[in-house]
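In the two complexes below, subunit A is the common chain; its partner is subunit B in one and subunit C in the other.
Coming up: the complex of A and B.
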């Protein structure tokens, strides 16, 4: 491995790193939003919408991100809607992630025992009030480990963005390998940057799990 | 005697299983009614009908003349006036003891925070749990949790309190501390309907004992008559299940 080569590639990788990170986190934020709303629809069994959400979840959980990317990137312009590769990446990640997050939030909501709802009702609380004050905080805390796992999964999935010519980490690595054959150095940097991206999430995740459990349940 | 709660011809079934049949019961202000009966006879269902956690097919539950109906808009107002403590310790696990107690008075009754906090602390002191106010439910024993659950119901200032086997899930040594709290409430002239398997407690606290069997009221009388000279065969048989003798 040539350290000089590595040093000269770092700025390129750093740029790609921030691009990947930016799209990744926008996508994840979108995924959390979509996931939460979908979980609410399923939890409250809202008629019509529930069926649609179930269909959406199955569709996106059972197709690869790459195919979703292609559909959005090449499919939308075909019906007259063109979006940039960046927006496309974030949207696709948000839709894929939303389907996973929905399941995580939903199982968190359903893990809260029904007696909690009944005790809150017995105290005269409205459905909305008891959902916000009693059910949701417990559900979120139960969901945290699954949500963190989803975030890590989604950040890894960003490696397929290069397929729609986003200048992300993967794209940069492939490009440099193609141009200069510095395979070892490029792959080394690729791995390092992904580790830099994911390790803090892992650590923050386990910290958050502990912290949430403590502030939620006192242990 | 001024009546506060009236149950008229109440029937309730789950699908084709009839759980309660033509229940009639009137409770006076300040009265303590103890409901006893074998497991599965409908005691919990009866209490749940009283505060509208179950829908009613036939008959009526009236709180001070107002019909309790889970599908109408005033059900929440009525539930504020009927406190309930369940068998399982059902505190909100993500809140401290104080927050558990203060949640409903603040969010439902919209009362002043400082005033609610003061009352919560007084009530906690009364049940001997002042030192636990900043703890979480997990850090409390079962008996302590049930005492908090009672305080959480009390702070709403309910006109009627319902207790559903609140000591049934407790270790024997914790039963007493919870029953003592309920005895203390009886001495304050609270109106209560208590479902329990603790016969000695029932005898001590009841103004009236009601025996429920297979969804109907089989016998009701004052505790002395009920325990010492039960009229029906069913009551005698039920009471004999609490007696032990070497064969």
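Coming up: the complex of A and C.
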């Protein structure tokens, strides 16, 4: 390992790091939005839309992000729908993540016992009030660990972006290995930057999981 | 729409062969992961501090490292550092087994600790031996939690093996690209058709497996 090489590579990796982070978090925000809306549609059994959402979730949960990216980035332009690599990355991540988030939110909503609805009704709450003040807060706290796990999964999946020539961490590492053959240094920095990106989220996840277990089992 | 390219010559068969290569690699890694994962998962619940520390570190590495990074480390890094020349297939088998084992171990550990202490205490109160407790009380409960989750892991591993094209294995995506390139002049819309078909192929493989996992989960929930 050559420290001089590492020092000269750091700015390149930092740039890629922020790009990955930016697209990653836009994609995740999109995923949470899509996931929540989809979960609402499924929870309220809205006719028509329900079937469509179910199909979307099935399709995106059962295909790899790499294929989804290729389809959106190379497939759609062939029939005249062209978007930039960055938008494509965020959209694909949002769609993939949305299907995972939808399942997490939905199981959270369904985990709230029916007695909560009955009690709220007995207290004379309106339907909207009942959902917003009683069901939703409980459902979200139940689904938080699953959502953190999804966020980690999605941040990891961003490594696939290099396949559509986004200058992310993976792309930078591959590029530098190809150009200068400093494989060890590039891989070392790659690992370090992914650790910086993911370790805090992972710790937050374990912490929340412990909290959840404590509230459920008390140990 | 460019789908006609698929039915030209041997294109469809080539695509399926490509899918077969991805499947072969995922199935071998699944088999290795399940066996090793069960052993490691059981080790993790034994409360031996040293063993636990090592396994936790291993799990954490796998949890936060993207599989692509692991692939690159094994495929490019090991060759550079040690001079051992791994084939792309061997490298991907190593990476996916390394990753799958950790995931499986975590599932096994999760289902083991999800059994409340009262189950052990009640068995003891009934005078069951340790062995009997496991065989008649704990394992039947764990299996019901574990099987749907492990089937789910299988679909995740199948999906993740699509990454092997990035280290140069000619699997279904790569074959798709070759078909698109070869027909660039005659059918410029091939990219849409070919990628749509690959999209569907993956869905056809993973869809039924996750449906099975969901069905088992529903049937066994108490």
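Here, the second predicted complex is superposed on the first by the 203 of 219 C-alpha atoms of A that agree within 3 Å, B and C clash if a C-alpha of one lies under 4 Å from a C-alpha of the other, contacts with A are read in each partner's own complex, and residues count from 1 in each chain.
Everything below uses one rule, namely that contacts are C-beta pairs under 8 Å (C-beta built on N, C-alpha and C of every residue); 3 or more make two chains touch, one makes a residue touch a chain.
None of these values were measured; they are calculated from a predicted model.
When the two structures are aligned on the shared chain, A:75 is found in touch with subunit C, with no touch to subunit B.
After superposition on the shared chain, subunit A has more residues touched by C, the comparison being subunit B against subunit C.
In the superposition on chain A, A:137 makes contact with subunit B only, not with subunit C. Of the two partner chains placed around the shared chain by superposition, subunit B is the only one that A:123 touches, whereas subunit C remains out of contact. Touch criterion met: A:115 reaches subunit B, while subunit C stays clear of it.
Touch criterion met: A:173 reaches subunit C, while subunit B stays clear of it.
Across the superposed pair, subunit B and subunit C both touch subunit A at residues 217, 219. Residues of subunit A touching subunit C in their complex: 58-59, 61-64, 66-68, 70-71, 74-79, 152, 156-160, 162-163, 170, 173-174, 177, 183-184, 187, 190-191, 194-195, 198-199, 202, 217, 219.
Looking at the complex, you find that subunit B touches subunit A at residues 51, 53, 76-77, 79-80, 82-84, 86, 88, 90-94, 96, 103-104, 107-109, 135-139, 149, 152-153, 156. Subunit A contributes residues 115-116, 118-126, 129, 133-134, 137-138, 141, 216-219 to its touches with subunit B in the complex. Those residues of subunit C that touch subunit A in the shared complex are 1-2, 60, 63-69, 72-73, 76-77, 80-81, 116-117, 155, 159-160, 162-163, 165-166, 173, 176, 180, 188-192, 194-196, 198-199, 202-203, 206-207, 210.
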